[in-house]
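Structure in C-alpha cells, see below.
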C-alpha cells in the first residue's frame, strides 16, 4: 500500500479518536481509551492483512486497526458508548474479532485460529495486537510457545507504547524488549519504529508472507507512544513528565508521514477524514440503546428454560 | 562440596527412589514419581544452598534435593504414602517448601520469597526446581519477568529430563532450550550437563553467589533424563523407545561419578545408603495414618464455627 | 449386548464423534501418543491422525484459549484438561472468553467446545486430583455443565455435549472409569438439562451426580432393607438444572437429601436445595438435607474416606429428614 | 467527626495498617506511583517508600504467587487486583496455593494475605469490570471473604482483614467508593464472621452485602411508607457466614429476601437461603426469595440497570414473600 493511502487511514483514525474524546467530554460516551500516537503501528500493520483469508484479534485500543480494515466504525465505537461489550460490528464479516478487554486474553485465540487455518490449508494468517503491559501475562508466553511448537501462521504484534497505565516499559518488560523474547521460542522477532508507517507495514507484510509460506510465527514489536491518557479517566500527570510527552509528540507518526506527501494529498485526506468523522458522529448519536430483552439474548444458541423464566419475570417487573 | 560427598547423597537418593518403587509394588505406597537419572541435577544444585539463609521450592519429583538438604525423608515420602499432601517434614526448619503438585505453581513463590529476603537484606537466595514441561506454564514466564524487573536473588532451576509425561522436549519447548529464554528477560541463562554433578554444583553455586551479590536471577537448565516412568502408573513403552532409554542409561550420573572415585569410597557410600534406606523404610512402614480429626485442622489458624460444627457432626457419625 | 467401562464408553463416544463430524478435534496434555493418562483417548490418534488428535504443551490456559480460536475458525474442539484441579489455570479463558464469546459477538461466534475434565475424588490421588468444580462452573452464564454417572450415560452425554452448539464442561467421575455396564451405544438422548430417576421410592429423594449416584443407590438398597424407599435422582445436568424433575420427584416424596463431594459452603447442593424449596415449600416435610464434603481442602488419600460422603453419613442425612419435626 | 468517602476510609486503613505493622506490603498494578486506578493507595508510596508500596508488572497470577512467597518470608502482603474480572487469571494461585499453604504445611506457613479486589457493578464500566465473585471465593476452604457496605465498615473491616492471620478476599464495592460518611476511625471491630442489622423491622428480613445494602435500605424506606417494616441485614462476612445472625433475624421476621448482584444460579444467595431454611424451617412462612443478577454475562452500561437488582425488583421480591400462601 502507498504512503498516501496509509496516511488517509491514519488521519481518519486520529480524527475519530479526537471525536471520541470530545464525545466523552460532552457526556455522550461513558469512557474511551485514546490511541493517539499509535496510528502508524495500527494502520501500518492492519493494512497488510489480506481480508479474504486473514483474521485479526484486537484488544481495547485498536481503533486504527478497525479503520484500516474497513470495520463499521459506529459498530466499533458502540463498545465505548456502553451499547454492547464486544461492539456492534460483525466480527466474521469484518475479520476482526470482537473488542476484548482482557489484557493478553485474545492472544491464544489468534494461535487457535491460526491452527484452524493451517488445518484447513486456507493460506490465512492471524494477527493479534497487544501492549507492552500485556507481554507480562502468562497467556502471551503460552501462546508464543504453542505457536512455536506447531509453527503456526500467526503474527504477535506488540504495540510498545511506553506505558501500561502508569507503569513504564522498563518496570514492565524485563530485558527491555518484547521482540527479543522471540528468540527464546525459536521464532522470528523484530523491533520496528512504530511511528514509521511504511516500516511497520513492510515488517508486517513480511511476517504475514512468512506465516503463509510455512515459516512460522513472528513477534513484531512496534516502538511507539501513547500520547494521550490511558483512558478518559486517567491523569498521566501523576506518573510522567510533560517533557517526555513533548518529545514524543514531536515524533508524531501523522506529521511525519505528512512531511513526505504533497500538500494536496494531505489536504484531501483532511477533508476525507472530516467526512468520515461526521458520518461516524451522526451514526453514534443516532445509535439507540439495545432493547432490554437483549440482556437475555446470545447467552446460549437457544435460551435455556431458566433463562426464559428469568426473562419473563424481568418483563413482568417492568410492566408492574 | 567434594565429589565423594555428592556421590554419597546421589546414591542415597537412588536407593531410596528404588525402595519407594518397591514399596509401591508391594502396595504400601499408592503411587510414586521416580527420579532415577536426575540425581546429579537435584543433588548437585541442592547441595549448593546455604541452609542458614537460602530457601528452596520443589515440585513433586525432587527427592534428590530433599536428600541433599538433609530433609527428614520419612516426612518427605509421607506425601506418596497418602498421609499428608505437603509431606510431614517441617518446611521452615528444613528450608524446603512443602511438596507441590501444581506444575509451575511454586515458581512465583520463589520470586516472592526472594523479594522478602531482599527487603530484609538477609543475603538469602531462593531456588526453585521445575521441569521442561513446566516451562510452558504462564506462571513460569510471569515469574522470570518479575524476577528480572526487580532483579531478585532467585535461581530458576529447570530439570530438562527430556519428557513431560509422554511429550518430548521438542514438542514442548519451542526453540528447544529453557535457558535460552533467560536472555529475553535480560537475565543470566546457562545450560549444563545435568548428569555431571560437579558441573551442576558449580553452576548453581555461581548463580547463588551472583544472586546474593545483587547480580539478579539466573535460569539454569540441566539437561538430564528421566530413566524411569513418569509415575508408577505410567507406561513409557507407549511413547518412547527402549533404545533411547538405553542410550541415557549409559549416561547414568551415578555410574559416571563412581568412575572418578576410589572403589572404597563407592563401597562405603553403598553401605551408608543401605543404612539410610533401612531407616527410611522402617520409618515409613511405622508411619501411622493421621487421626481423622486432622481433616479439620490447619484450614485456618483458628477453626471457624462452621468447621467446628462439621467436625462435631463428623464425630457423631463415627460414633453412631 | 456389549459391555463397556466408563473409560471405554467415553473412548467410543469420542471415536464416533470424530467419525460423524470431521470438524471435531481432540487435544490436551498426553491425549495423543499416550492416549490420555486415563486412556480415554486411547487409539484415537492412530485412527484419526496427528492433526485431529494431538498433544499440547503443558499449559491449560493456552489449551482453552486455543480452543476458542479453533471454534472461531469453524472447528469443534474437544480439549481435555488432565485433572480437575488443573482447570484453575484455565479459568480466565473459560469464564472470560469461552463462556462469553457467543454473547460478546452477538451470536456470530458460537463456541461449540466440550471440555473433558476428569473430576471428583475417590482414587487416593495426589493433591489437586480430587476436586469438584461444578459449583464454580454452574455459576458462569454461558456454560453448560454435565456429569455422567454410568458408562451408558457417559456415551450418550458425551455425544450430546460434543454435538451441542454451546460450551459444555464434561465432568468425568474418575473413580468410575473402570466400572462396567452392558448397553448398546446409540445416540438416542434425552434433552439437555433433564435429570433421570434411577430408582423410584416414596419416602425421600436422594439427589446426586457423578460418582455419588452409585453410592446413593447403595444407600437406597440398604434403606430398603429397613422398609425405607428412597428415590434416587441422577441430576446429571448441573447447568441447566432440571428444576421440574427435582420438583416432580420431591413433591411425591416430600423430603430430599442432596449429596455431593464438593465442600458444603456455596456448593451446588445449596442451589439444588434452594430450587427444591422454592418449588415445593408447601409440600416439604423437612428442610432439604445436605450431605457433602467438608469445608476443608480435599485431603490426602488416608483421610479421603473421612471426607467423602459415606454410606453412613448419607443414611444419617436420610434419617434426619425422616425424623424431622417442626420445632 | 471527620467525614470520609469509602475510598478515603480504605486509604486511611491502609495507612494505619502500614504504620502499625512494618511487615505490611502494598502492591499491584498501578498502586504505587499512580495510587491505584481508584486512588485507594493514593499517597502511600510517598509515605512508606517504594519498597513497601510498589507497582508490579501486569500479571495477576504472579501478583498472588509473589504474595505467597512474601508471606512465607514473614511479610504481610496486601496485594490489589485492579478489577474483579481480572482475578480469574490468578484463581489458580488463590485456590491451589494461597488458600492451601497453611493446611498443606500443617500450620507452619500462615498466609496472612489480604487481597483487595474492587468488585461488583454499577459504574457503567467496560466488560470484566463489574463482576461479583463471592460465590466462587466462599466455596474455597481456607479463604475468608468480606465486603464492606459503608466507609466506616470499610475502615474497620480492612484493618481487621489485614490483621487476620488467614487469607482474606476483601471485596470493595466500587460503586460506593465516593459515598461519604462521618465516623471516628478506631480499630474497635466485631468478631470475624459476624453480620450486622442496619435497620430493624419485623415483616421480613432483607439480606445483602456490598453495594446492595444501601439499595435495600432505600427499599426499606419505601416499604415503611406502606407500613411494611423490613429488617436489613448486612451480611458483610461472606465466609465464614453468620448463620446465627441470619437465624436470629429471620426467626423474628419469618420471611426473608436475599439480594445480590451476581447471577442467580449457584450464587451465594442459594447458600444464604439454604442456611436460613435449615435453621428456620419451622418458622418460615414463605420460601426465601432471591433477587439477584440474571444468569447472563454482566452487560454493557446501557443494560446495567436492567441487570442489577433494582428497587422495583426487590420490592417485588418482598411482596412475593409477604403474599406467599402455601399451595
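Think of it as A, B, C and D in the order they're written, each chain with its own count starting at 1.
Keep in mind that, in the parts below, a contact is a pair of C-beta atoms (placed from the backbone, for glycine too) under 8 Å apart; a residue touches a chain by one contact, two chains touch by 3 or more.
Remember, predicted model here, so these are calculated numbers, not experimental data.
On the document's contact criterion, could you list the chains that touch chain B and likewise touch chain D?
A, C
Taking each chain's centre as the mean of its C-alpha atoms, which one ends up farthest from the centre of chain D?
Most distant chain from chain D: B.
Nearest whole angstrom, what separates the Cα centre of chain A from the Cα centre of chain C?
Those two chain centres are 39 Å apart.
Let me have the rounded angstrom distance from the C-alpha centre of chain C over to the C-alpha centre of chain D, please.
Using C-alpha averages as centres, the distance is 30 Å.
How many angstrom lie between the centres of chain B and chain C, each centre taken as the mean Cα position?
Each chain reduced to its C-alpha mean, chain B and chain C end up 34 Å apart.
Pull out every residue in chain C that's touching 2 or more other chains.
57, 59, 61-62, 85, 89, 92, 96, 103-104, 127-128, 141-142, 241, 265, 294-297
Would you give the residues of chain A that are in contact with at least 2 other chains, written as numbers and ranges?
84-86, 102, 136-139, 142, 145-146, 149, 171-174, 299, 304, 306 - these are the residues of chain A that touch more than one other chain.
If each chain is a dot and touching chains are joined, what shape do you get: line, ring, star, complete or other?
Its topology is that of a complete graph.
Please name which positions on chain A make contact with chain B in the complex.
Touch list, chain A to chain B: 136-142, 144-149, 171-177, 180-187.
Along chain D, where are the residues that touch chain B in the complex?
By the definition above, chain D touches chain B via 25, 51, 56-57, 59, 61-62, 64-75, 77, 89, 92-93, 96-97, 101-110, 141-142, 144, 165-166, 193, 240-241, 243.
Over in the complex, which chain A residues touch chain C? Could you list them?
Residues 55, 57, 84-86, 88, 90-92, 97-100, 102, 105-117, 119-120, 126, 138-139, 142-143, 145-146, 149, 297-302, 304-306.
In their shared complex, at which residues does chain D touch chain A?
Checking each residue of chain D against chain A gives 29-30, 32-35, 37, 55, 57-59, 61-62, 85-86, 89, 124-129, 264-265, 294-297, 299-304, 306-307, 310, 312-313, 316.
In the complex of these two chains, what residues of chain C are touching chain D?
That would be residues 61, 85, 88-89, 91-92, 95-96, 99-100, 103-104, 127-128, 135-136, 138-142, 239, 241, 262-263, 265-271, 273-274, 277-278, 281-284, 286-288, 290, 294-297, 324, 326-327 of chain C.
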